[in-house]
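Note that subunit A is present in both complexes that follow, paired respectively with subunit B and with subunit C.
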Partner chain A sequence: MLATLAQAVVNGLLIGGVYALVSIGVTLIFGVVKIVNFAQGEFLMIGMYISFFLASSFGIDPLLSLLISMPCLFAVGVLVQHFLIRRVLALGDMPQIFLTFALSLLLINLALLLFTANYRTVQTPYSELTIHIGPLYFAVAKLIAFAIAMLLSGLLWLFLHGTDLGKAMRAAAQNREVAMLMGINPDRVFCVAVGVALALAGAAGSLLMPFYPAYPLVGQIFVLMAFVAVVLGTLGNITGALIASLMMGIAESLGVQFVGADSGLIVVFVMLLLTLALRPNGLFGGWAR
Partner chain B sequence: MHKSNRYTAAKRLDRRDFLANSCGILAASAITGFGIRSSAAADTINIGGLYPVTGSFAQIGQGCVNAAKLAVQMVNDAGGIKSLGGAKLNLIVSDVQSDPTVTRTETDRLISSYRPAAIHGAFASALTLIASEVAERAKTPLLTGSSSDQLNKDRRYTFTPFSRASQFALAQLQMSKLVSDQPKVAVIFENTAFGTSTSNGLREQAPAQGVEIVLFEPYSAGLSDASPLINKVKASGANMLFPVSYLNDLILIIRAIKQVDLKIAINGGSGGFVIPDFYRNVGNAAEGLLGIAHWNHDINENAQKVNAAYQKQFGEFLFEYAGGLVAQTFMIADALERAASADPQKVRDALATLEVSEGYAAMCPGGRVKFGPDGKNIYAHPVGVQWQRGDLATVFPKEDARAQLIKA
Partner chain C sequence: MTQSKVGRPWLWVAALVAVALALPLISSPFALDIFIRVLLFAFIGVAWNLMGGYAKQLSLGHAAFFGLGAYTSTILLIRFGISPWIGMLAGGVVAMLASLPIGALCFRLRGPYFAIATIATAQVLMLLFLKFRDFAWGAEGTTLPNLGDAPLMMQFDSKSAYYYVALALLALGLAITYSIEHSWMGFYLVAVGEDEDAAEAVGVDTTKIKRHIYLISAFLTALAGTFYVEYIYFIDPNTVFSFNISVEAALVSIVGGIGTLWGPVVGTVLLEATSALLQSWFGSGHGGVQLTVYSLILIAVILWRPNGLIGLFSDLYERLALSGSSRAKEAPLDG
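Up next, the complex of A and B:
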C-alpha cells in the first residue's frame, strides 16, 4: 500500500515537471506582456515535431534536439510578439484573446495539413528503460525530462534575478509605465519574454518526444493542465506555477490511483475550485515575484 | 461496435474534422475528375467505394482505396465480367471524410451520378450505418466489413461478409484461455460510447466463459501519462489486460507496461490494434501482443497471394479492413457474373443467393460465404492474431491458426 502510494507520487511528480515548463511559459507571458497565450500548447506541439523530424531524418536524439527546438521557438516567439501581439496590446482583452486563440487554431490545422493526423513516435534506447530503487521504479525518459525541466526553471529564475534584462522584465511586469520612465524599452522586453516562454514550450516538446507520441492536437492535452496550474499558482507568478504544476501532477496521479482512472482530473479541478473560493488570487498571491 | 472506435476518436477531434470539411470541396472535385476520366470506356460497370481519404483517417482510408483498386485490377485482368461480354469494373471512389453529414451527401451523390451496380465502404461503423440507410432507399447493394450488429437490422440491401461486433468480445474472452487456465483479466477502457459498450460486452460474457474480471476501470481518453493507470493494473494482480483504447493512449499504455516491467498478456481487440501503423508507433514493444480481426492476410493461399501483391506495391502488409474489401470486390464480381446485368436490383438478388467456398470471394476466415436473410454471412467468425516479428499472424481459433502462439 505504502509502495503504491509512493509510486503514485513519483509518477505524478515526474509528469508535473512537463506541466511546469508549459505553465511557466504561460505565466511568464501573462506576467510580463499581460496577455493570455492560448496557443502555448501548440508551440509544445511544434517542439515535438521539430524533435521528431530531427530524430527520424538525421537520427538526432530528442534530448539533443532541445538545443535546436529551443532557439527555433525563441525566434518564433520574437516574431509572434513583434508582428502579432504588439499590434493588439492597446486594444483590450477581446482582440488579444481572439488573436492567440486564432493562432492556436491556425497552428493545429497547419499541422494537420503538413504532418497529417498520424501519431509519430521516436524510439530511443532509454524510451522503455527504468531505474528500480527498492519497490519504486523511475522511467528514465521521464526522469531526464523532469531533471531538465527543473534545470531550465532554475536557469530562468537566475536570468530573471541576476541579469539586467531579467530585472527589466520583472520591472515591466510590475509596472509597465514606471519601467518605461526608467528607460526600459518594453517592446524589446516583451519580445524576449514571449521568446523565452515559447522556448520553454519547445523544450517541453523535445523532452516529451522520447515517451509521448506527437500529433497535431497534442498541445491541447498539456495546455489544459498548464492553465489550471497558472491560476492555482497565481497568474504571473513563476515559482507559483512551478509548485502548482508539480502539485497537480501528484494530485492527478493520486486521483487515478485512489479515486478512479476517469476521475484523476476531478481531484485537480476540486483543488482549483477550492483555491479560487478560499484564495481567489491563487495559492501564492502574497508572494513576491 | 468494433470499428466505431476510430469514429469515436474522430468525433473527439471535431476541430480536425472542421479542417477536413473545409478542404472537402476541393477534394470532392478532384475525385469526381478521377471518376469521369476512368469511366470513359464503353463496356464498364461502375462500382462505388466510400472511404475517408482526407481528414483524420486519411491513411487507413487510403489503404482501403489502394486495396480496392488492386482488387478491381485483378478482376479486370482476369477478363472482367464474362456474362456481360468481358465488361470491366470501374471503381468510383468517394471521400466520406470521417463525417456523417458528408457521408450522407457523398453516398447520395455517388449513387445518383454514377448508378453503381454495388457499393462497398465505409470503414467506421457510424459512417457505414448512414451509407447503408442511403443505399437502402436507393435500392443499391452495399457490402461492408464494418461490424456493428445494427447493420443487420431491417436492411435488404446491406451485406456483411465478416464477423459481427458481438462475436469479437466472445473470441477475445476465449483467447485469454490460451494464455492462462485461470485468466484474471483487467479491462481498462476510455469512457466514451465505444469504450463503454465494448467493455460492457466483455463483462457480460465473461462469467459464461470462465473468465474472471479483476479490474474494470474507465479512464478519460487522451492520457497525459499512463503510469498511474498501469500502477493500478499492477496492483490488481491481473494476468491479462484488455485495453479498449485509441492509438495515442495505447502507445502510452504499452510503453508504461514495459517501463514497470509488468509481465502481463495484452489483447487490444481490433481497430487501431491490427494496422501496420500500430507497429510503426509501438515498435518492438508490440511483439507478442494479441488482437482480434475479421480478416487477416495469412488465412489462406489466396489471401497470401493478394497480400504479396499489395506489399510489393505499397510496402506494408494488407490490413484487416482493406483485405476484407478485396474479397468483397470479388463477391460483387461473382454476383454480376450470375446476374448477367449491372442493374443494382438484380445484383442485390444475386448477392442474396451467393454461395462460394473457393476463389478470392471466399477469402475469409472459415473460407465460405453465404448470406442469411439478415445479410450476415452465416459462416463468418473472427480470428485471433498476434504481432510476431512486425507481422500479424493468425493464432486462433485452432482451425484458422497459421502460426504458433508465442507465450511471454
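Up next, the complex of A and C:
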C-alpha cells in the first residue's frame, strides 16, 4: 500500500515536471504581457510533431531534437507576439481572450488536416527502460524529461535574475509604465517573453515524445493542467507555477491510482473549481487582478 | 447602432420575417436542414450574446445549459412519457437552477479566468453524465422514441415544422434581447460590460445583474438543447455537452458583432454559409477544414473588425439608403 502510494507520487512528480514547463510558459506570458495564452498547449503539440518528424525522417533522437524545437518555437513566439498579440494589447477582454483561443483552434485543426488524428509515437532505446531504487520504479524517459525540465526551469530563473534582459522582463511584469520610463522597450521584452514561453512548450513536447503519443488534441490536457497550476500557484508567479505543477502531477497520479483510470480529468477540473472557489488568488501570495 | 437613423428598419424586419416564413415552401429538404441549423445556432448565439455580448462575461461553457436542457426533456420523455414541450420548459428551469451555483463560483473571476472556469463547469457536467449509466444512459447515449407525426410530443413528419419551431425560438430570443436592450437592465448590462468597477462605483449591483442575465441566458440555451435532440432523435454526453457548442455560441456572436441585436444572426448566416460551401467543395471527409476556416475568420475579425461584421452591413445599408440607386453599385466594393 505504502509502496503503491510512493510509486504514484513518483510517477506524478515526474510528469509534473513536464506540466511545469507548460505552466511556466503560461505564467510568464501572463506576468509580462498580461495575456492568457489559450494556445500554449498547441505549441507543445508543435514541439511534439517537430520531434516526431525529425525522428521518423532523419532518425534524430527526440531529446536531441530539443535543440531544434526550442529555437523554432522561440521564433514562432516572436512572430506570434509581433503580428498577433501586440495588435490586441490595447483592446478589451474579448479580443485578448479570443485571439489566442482562435489560434489554438486554428493550430489544432491545421494539425488535423495535415497530420490526421492518428497517434504518432517514437520508439527510443530508453522508451521502455526502467531503473529501480528500492521498491520504486523510475521510467528512464520520464526521469530524463523531469531532469531536463528542472534544468530548463533553473536556467530560466538564472536568465530572469542574472541578465539585463531578464531583469527588464521582470521589471515590465511588475510595472509596465515605470519600466518604459526607465528606458525598457516593451515590444522587445514582450517578444522575448513570448518566445521563451513557447520555447519551453516546445521543449516539453520534445521531452514527452519518447513516452507519449503526438496527436492534434494532445495540448488540451496539458494546457488545462497548466491553467490550474497557474491559478493555484498565483498568476504570474513562476516559482508558484513550478511547485503547483508538481503538485498537480501528483494529484492526478493519485486520482488515477486510487479513484479510477478515467478520473484524471475530473480530478483536474475539480481542483480547478475548488481553487477558484477557495483561493482565487492562489496559494502563494496575495497578488490578484 | 446607426441603422435607426436612416430608412425604415421595421420595413426591413417585416420583409425579413416574410422571407423567413416563406423559405420552407421553396426549399429542398437538404437546404431546409441547413436553414434549421442556422436558426438554431443563431438562437444559441443570441442566448450567449446576452451574457457574453452585453455583460461581456465571456463564457465558454454554454454547452452546460444546452446539455442540461437536452437531458432534462429526454429523461422526462423516456422515463415518464412527458411531452418535450413541457420538458423544454423544465429543462430551462433546471438550467436556470444550475446557473446559480456556476455563477456564484465564476462571477468573482474576471476575463480569461471566467472563461476557463466556465469551460471547466461544462466539462465536469459532461464527465458526470458519462458516469450516470442508470438514469442517463452513460456514454452510449440513447435514441429518442419515434412517435410518428405527433405535434404534441414535438415530433413532426415534415421538416418545415421543425423549421418553424426553430424560427419561433429565434424570434423569442430576439424579442427578449430587444426588450432587455431597451430597458433599464440593458443599460446596467452595458455599464457592467464597459467597466465593472465603475458600474459598481455608481451603484449598480453587478453581481445581481450578472446573475439575472445568466439565468435568462441559461434558460434560452436549454430550450435550444431540447429542440436539438428532438430534431436529431439522439442524445449522448459527447454531443450535447460538446465544447464545440460552447465555442460556436461565442463564435457566431463575435463574428457577427457582440452586444448587438442582430450580430449573432449575421454571424451564424455567414459561418454556416461558409461551412456549406466548404462541404460542397471538399466533401465532408476532411476533418478540420471547417474549424480551420472558422478560426481564420475569427482571427481576421478580431484583428480588423473587433466590433463584428454587422458594422459592414449597417455601413452598406446606410450608404444604400442615403445614396439611392445611382451610387449603390459602388457600395459593395467597400464591403
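Please note the rule applied: the second predicted complex is superposed on the first by the 266 of 289 C-alpha atoms of A that agree within 3 Å, B and C clash if a C-alpha of one lies under 4 Å from a C-alpha of the other, contacts with A are read in each partner's own complex, and residues count from 1 in each chain.
Heads up, the rule we're going with is that a contact is a pair of C-beta atoms (placed from the backbone, for glycine too) under 8 Å apart; a residue touches a chain by one contact, two chains touch by 3 or more.
From a predicted model like this one, the values you see are computed outputs, not experimental measurements.
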Next item on the list: Using the superposition on chain A described above, determine whether A:Ala117 touches subunit B (first), subunit C (second), both, or neither.
Entry: both
Note to self: Between subunit B and subunit C, whom does A:Ala139 touch in the aligned arrangement: first, second, both, or neither?
What the structure shows: first
Next item on the list: Based on the superposed arrangement, let me know which partner A:Leu105 touches: subunit B (first), subunit C (second), both, or neither?
Entry: both
Margin query: Looking at A:Thr163, would you say it contacts subunit B, subunit C, both, or neither? Reply first, second, both or neither.
Written below: neither
Check: Touching A:Ala8, do we find subunit B (first), subunit C (second), both, or neither?
Finding: first
Next item on the list: Based on the superposed arrangement, let me know which partner A:Ile221 touches: subunit B (first), subunit C (second), both, or neither?
Entry: first
Notebook entry, point to check: Is A:Val256 touching the first partner subunit B, the second partner subunit C, both, or neither of them?
Noted result: first
Note to self: Is A:Leu265 touching anything from subunit B or subunit C once the two structures are fitted on A? First, second, both or neither.
What the structure shows: both
Check: Where on subunit A do subunit B and subunit C both make contact?
Finding: 105, 108-109, 112-113, 116-117, 216, 265
Check: Along subunit B, where are the residues that touch subunit A in the complex?
Finding: 13, 15-16, 18-19, 55-59, 188, 191, 217-220, 222-225, 227-229, 231-232, 235, 247-248, 251-252, 255-256, 258-261, 277, 281-285
Checklist line | Residues on subunit A engaged by subunit B in the complex (per definition of touch) | finding: 4, 7-8, 11-12, 14-15, 18-19, 105, 108-109, 112-113, 116-121, 123, 127-130, 137, 139, 142, 211-213, 215-217, 220-222, 225, 252-253, 256-257, 260-262, 264-265
Checklist line | List of subunit A residues in touch with subunit C within their complex | finding: 36, 38, 84, 87-88, 91-99, 101-103, 105-106, 108-113, 116-117, 216, 224, 227, 231, 265-266, 269-270, 272-273, 276-277, 280, 289
Checklist line | subunit C residues within the subunit A interface of the complex | finding: 56, 58, 60, 105-106, 108-113, 115-117, 120-121, 123-124, 127, 247, 250, 254, 258, 286-289, 291-292, 294-296, 298-299, 302-303, 306
